[in-house]
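Structure record follows, encoded as structure tokens.
For reference, chains read A, B, C, D and E in written order, and residue numbers begin at 1 within each chain.
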Amino acid sequence: MQKKGINRRQFLKLTGAGSLVAAAGTIGGGLTLPKGLWAATPAIKGPIKIGYQTVLSGTLAGYGEFHKMGLLMAVDEINAKGGIAGRKVEVEVRDSTLKPDDAIKNARYFVDSWGADFLGGIDSSGQALALAPLMDKLDRVLIVTHAATEKLTEDFVYRKGVRQIFRNCMPTYNDGNAAAFIAKDFPAVKWATVSPKYEYGFTCWKMFRETLTKLKPGVSFTAESWAPFGTTDFRSHINTILDAKPDGLYSTEWAGELISFLKQAKEAGLFDKIRYVMLPVGAAMDVLEGMGKDMPDNLWISGRYYFQYPNNKTNNEWVARFRKRWGHYPAYVSETAYSCVYAIKEAVEKAGSKDTGAVIQAMEGMGMNSPAGHRVFRKEDHQAIYDVPWGKTKADPKFPFKVMGDMKVLPAKEYFNRPPFEGPGTTPPFK
Amino acid sequence: MGETLLTTRKLSNHFGMVCTARELSLSFEKGVVTSIIGPNGAGKSTLINLLTGHLPVQSGRIDFLGREITRMPIHRRVRMGICRSFQVVNVFPGLTVEENVMIPVLSRSMRAWRPITRVSRDAAGREEAEALLEKVGLSGVRGTPASSLSHGDLRLLEVGVALAAAPTLLFLDEPTAGMNPVERERLLGNVRTLSREGKTTFVLVEHDMDVVFSLSERILVLHRGELLCDGTPEAVRSDAKVREVYLGEDVSDLFRYTRTEAE
Amino acid sequence: MILELSRIDTYYGTSHILQGVDLSVREGEVVALLGRNGVGKTTTLRSIMGLSPPRRGSVRFSGREITGRPPYEVARSGVAYVPDDLRIFPDLTTEENLEIARRLSPRKGYWNRDRVFDLFPKLRDLSGHRGMNLSGGEKKMLGIGRALMANPSLILLDEPSEGLAPLVVANLVEVLATIRGQGVTILLADQNLKFCRRVCNRGYILEKGAVRHSGGMEEIWADEEIIRKYLVL
Amino acid sequence: MMQSVVHTVLAGLSAGMFIWLVASGLTLIFGVLGVLNFAHGSFYMLGAYMCYTVLRYVGPDFWVALLIAPLSVCIIGYVVERWFLRYVYHLALPYQLLLTFAFVLIFDNLAKMVWGAGSVTPPDLSTLNGTVSILGRNFPVYNLFIIGVGPLVAAGLWLFLERTWYGRIIRAASSDREMAASIGVSVPALFTAVFVFGTWLGALGGGLAVPYVGLVTTGMGETIIIEAFIVAVIGGLGSLKGAFLGALVLGVLTAFGTRFFPAFDMFLTFILMAGVLLVRPQGLFGTAR
Amino acid sequence: MTESRIRYAVLAALLLALAAVPYVSGKFFVYLTMRVMLLGIFAVGFNLLLGQTGLLSFGHGAFYAAGAYGLGLFGAYVTPNPLLGVAVGIAAAAVVALLVGYLCVRHTEIYFAMLTLACGMMVFSFVWNARSITGGDDGFIGIMRAPVTLFGGLRLPIGKDSQFYYFVLAFFVLAVWVAHRIRISPFGLVLSGIRENARRTEYAGIPVRKYRLSVFVVSGAFAGLAGALEALLESNARPFMAHWTHSAEPVLVSLLGGLSSLFGPIVGGAFFIAMREIIQRYTENWMLGFGVVLLVVIMAFRGGIMGAVENLFGRRSAGAGR
């Protein structure tokens, strides 16, 4: 199988048929065409197989379920309309268990045994980074839909040139840099954090501090309290923060731990004492629904997608379809999983091939419409650029939970780090 | 008779309120087969446990071959030449008979540390083990796991493992318990032969009086941690105190012995 | 016959301890199992109790087959066991050690806490002390008291005189007489022939896992041959 | 500073009490049955899920839920002991661990199938909902309640074991199984009963955790079972007194670690455990086995 | 004579089959086989402790991690030579095992298990917190497979999985051979003596604690070897390698496969990996499936899979004899 693939790729390179087919793909893109026509294209044979992995066991298994909802919706929709380039989409979902070694095993299984054409998913940064060095060997396009570490795109895609990796979800830039842009307008000058005791927490806090210092010299960062994975009792962390008496609190706690933290902080009266609270992943659906009416008002939240933004037809219709099918509002991972399949569709149809090299070429710089708005995969680091809102929690009688009010939308370009990712002018603010 | 192997001075031990050894001062001479007897709770096993390092000595002192060994760990006493067998069979049940005796044989040389050579290629060790098994009469079952031996064979093996450490002084704690007459005879024969060879001096704790009297040259009678009588079999047999101890105190004769129970 | 053992064989692992023990006890008797250490006296008692079930043979108690029944059923049918190491529950007080046995037994009768305290006045003073803090003699009283609390028809007593000062042994002789007076049958294992002579009607002499001789206590006492062969040096 | 120290102690106490609730059942089961029940954390989880279920579908009365939920989990405990664990008592410790570990996998997965993969959050409870101000900082009434429940359970267990008939039997059987049988205790039935009671304690901890943690997830038992293990070991396996003290020490130490030595907070637990074991391998109140 | 000949023939056939794997099967199977071999090395070494000496360690992940990080750091800062790296990994693991073992071997049974658990978790916490050295929870990433240089000039590339497979296979065979020789050596005999009856071993004149420490270090070195090889295979080292959940894996597979034989842990490891793989192809609820399989294995054959197989064959040959 492998040898055949190489031959075909070489063949395409030699004859230049790749660009020809790619051109055909561009013409056909977006249109629903009868299968027969695509069947005539020699480059695409057999179904388009996507190996998708996400966490399906343990405390965070809920994320996996939300991934699956978006994923299956996209696959069903696409297949109902004739598939990708006339080829049926097949998907297999595996439990990633959040362990890097399982992520590697799954990826190898998908490619080497199941015959996947594309890989998607990945929740934790550790998994993404463990998988990254393997990608040029596996030689399949991997679209990361949840893991946010900037190292993935900066180090592996940009510096080391692992071109198979793409990411269609927000990286830590939104959690760190963008939060600073929002925070600079507050009167708060003393900031503290309660964040996860792992790289994600450390990185975001560092980005937040550096960017905010640049935007607003004179701010100080008075207390840090780190919570190991699996923390259910945040009282000591809350005490640390209250003792430091900051004006603002920044926290990248997420999922169930964020819910526990918020409930316990509320009881301790933290939100009465600290007016400015930034929760970069507070707009996740599991948190909003989990907190329900208990969610304090006026906390600044964001996410990697928020179902009320953008307020346009594509998104609103998608949310409605999603609700109809699953009885839930879409979580951000549902959107990224959904868009992941559509990105593959766009890229394959643009390339006219499911061949990795061609697809990478097609995807670099590719723009696409998605429920989250217009996404562009940046050529240099394969990071999707799109906008997500920040806003304040507020009650809305139409929803059984608090929603995002006073939305502020910063253009992603203004706070995403830029290539070459080192030296001056690569981190925001940009002149 | 011969040289003194081991001496104790004022050896005492208590378990809570119970005194199991009371200022025992004894010595064991080379080549003299000695039996230690006494009714239940006399302190026979305690004495062996103290001498071999099984129990820490609470007070008193033990010397062996001119060196103090009072606080020496077990394995070093064994290296010096003190070994024992146990009352309850205490061998390596999951190992074969041959392996059981190979462990002490190997441990005497530094060969026991060798991690890569094969036991089965250790000709000298195997020869020695074979000779020993031959001696105790177990060479026919050398490949059998100890756990599937009959009770009598296990007791023979128990003694065999102790002998394999090539001790100068060997304590046998009820070696014949549960044996049938044939096995018992074989074991006693072994003890006699080996004792005559002169390398090993035997000290036995026994209940079987046939064994005690047919084998021993010296008998120690313990009672409640004290030495009641020490002498030749004839002397002990005719000792009135010993007879009393074995039949029990006469309850009408209340005050003949000091009371040991705190009342 | 309240208790009948016929040809029981008991093993510990591979070790064949009892080799066809036969014995029987009539109601109201006090019977001794005699013999030196390691002849199988304790194992015989444990076999009756179901703690070391015999591999072959049968144990009948009050006309019912109890071979292989779990110990708690044997206990509830009216057998009480006083092991040689007494096994007083260390965490329980004297009183609790007694009460627990009474409440567990379906049998009601003469014996209750006060009667036991009358029998062993010392225990009354110690009623709040934990078992682990009692002396050997006190444990012995408690062990027997605990057995009585179940109002058993048969008590199995292992080495009652062992380790006791002569004065206490003398006391024990009286106590056993009192117990017997209440119609309780006793099977005891002891090495102290003089003690047994004072409390028992009959005796069985064990040697190497089998009964070698049986007869009235006086008859055994008089037989110097048997004493020398099986009991003394 | 005073305020901070007091609140850190309070936080430590309430956290410690949860560990105690789980460790108590674990310790009781180990003390009597001699089994290290790794699935005990699953009973904690199931207790929480059942409590959530009652709150959601029967009515938001926490006390009713707290009554029903642990009892329902007891049925599962019964099945585990009666049909499985009973047959491995004679096996070596690793096999028992393995068997109970298999149950952890099964219960986690079943919980996911029954209650869904994500976390579930209980409805708002009016019970013990407020806060009180201690030295000028709010402290939840519920946490105070937990700080009270811990010693209450400890006292209850103590009374039960010391003062009641069944307690005496349990103490008797845990120190000497064979003698207990000889005075008429049906040991297999007692084991089942103790296991079910231990299950109840674990599930009670889970039920109480619902308002405290604020959500219920699969796998929530794994974190706490490790802490409970540590506590049981520090205190001396089988010693309830030790487990109680160990839980207090661990809770308060962790709280102080998080507050004052954040770089070391992951080490502290294990340093404590290793330290205690090196000096007293049988634990603070354990007896050498 | 014939029996040993049959045994050699079977072993040779197995070895041939293993060597042929990259030629006859798919890449994923090759990869899984490597994982089985890594777990096999880990478990075979571990079983020298549990099966041979009777000590249950819950901290072997720490030595595994020491091997992986040792190789990773050595490769990053000194030389990427894989053979030297593996040697350094083994040495690092042995040193950590010596430190941990020195504290732990004075205790046995559950106390030993708990102490090793605590020590292992301290190593885990250290790796997690020492971010500047270890990369924290992201792991130590980007470990490369440089070619093996032999006899000065001969360079064997191991970059591809099909090449690296033989690198792993060589170490696997070596590890199994060493474990086998230890098991049949005087040292191994003494260890089984300690397992069967530690007191009696002392009465054979053996310094039991020293032997325990020695085998602890040896089995830690096996763990280090497995860790170093995994670092090369997956190009990373992770803190969770030192976590107790990872330490529990060799316990699990040793029990599954059977403690008493050399191949038990390997069979258990293969079963563990294959079972998960198979269950996962049919259902997302692999935990349930795996839990049930575990239950069945424990309840049905307590001597592990190898024990059951031996019983089966033992019974058969006995039947044939009659």
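FYI, contacts are C-beta pairs under 8 Å (C-beta built on N, C-alpha and C of every residue); 3 or more make two chains touch, one makes a residue touch a chain.
These numbers come from a predicted model, not from an experiment.
Within the contact network of the assembly, the step distance from subunit C to subunit E comes to 2.
Of all chains, the one whose CA centroid is most distant from that of subunit B is A.
Averaging C-alpha coordinates per chain and comparing to subunit C, the farthest chain turns out to be A. Remark: among chain pairs A-D and A-E, A-D carries the greater number of C-beta contacts.
One simple way to say how far apart two chains are is to compare their mean CA positions; for subunit B and subunit E this gives 43 Å. Inter-chain spacing, taken between the CA centroids of subunit D and subunit E, is 34 Å. Between the CA-based centres of subunit A and subunit C the separation comes to 78 Å, rounded to the whole angstrom. Shared interface positions of subunit A, defined as residues touching 2 or more other chains, are 56-57, 197. Each of residues 128, 287 in subunit E touches at least two other chains. Of all possible chain pairs, the ones that touch are A-D, A-E, B-C, B-E, C-D, D-E. Within the complex formed with subunit D, the subunit A residues making contact are 56-59, 61-66, 197, 224-228, 230, 232-233, 235-240, 242-243, 255-256, 259-260, 262-264, 267-269, 286, 289-294. Within the complex, the subunit C residues that touch subunit B are 14-17, 36-38, 135-137, 159, 161-170, 173, 190-196, 198, 209, 227, 231-233.
Residues of subunit E touching subunit B in their complex: 178, 181-182, 184-190, 192-193, 195-197, 199-208, 214, 218. Across the complex, subunit C is touched by residues 165, 168-169, 171-172, 174-176, 178-187 of subunit D. Contacts from subunit D toward subunit A in the complex involve residues 3-4, 7-8, 10-12, 14-15, 18, 108-109, 112, 116-119, 121, 124, 131, 137-140, 142-143, 209, 212-215, 217-220, 222-223, 254-256, 258-259, 262, 265-266.
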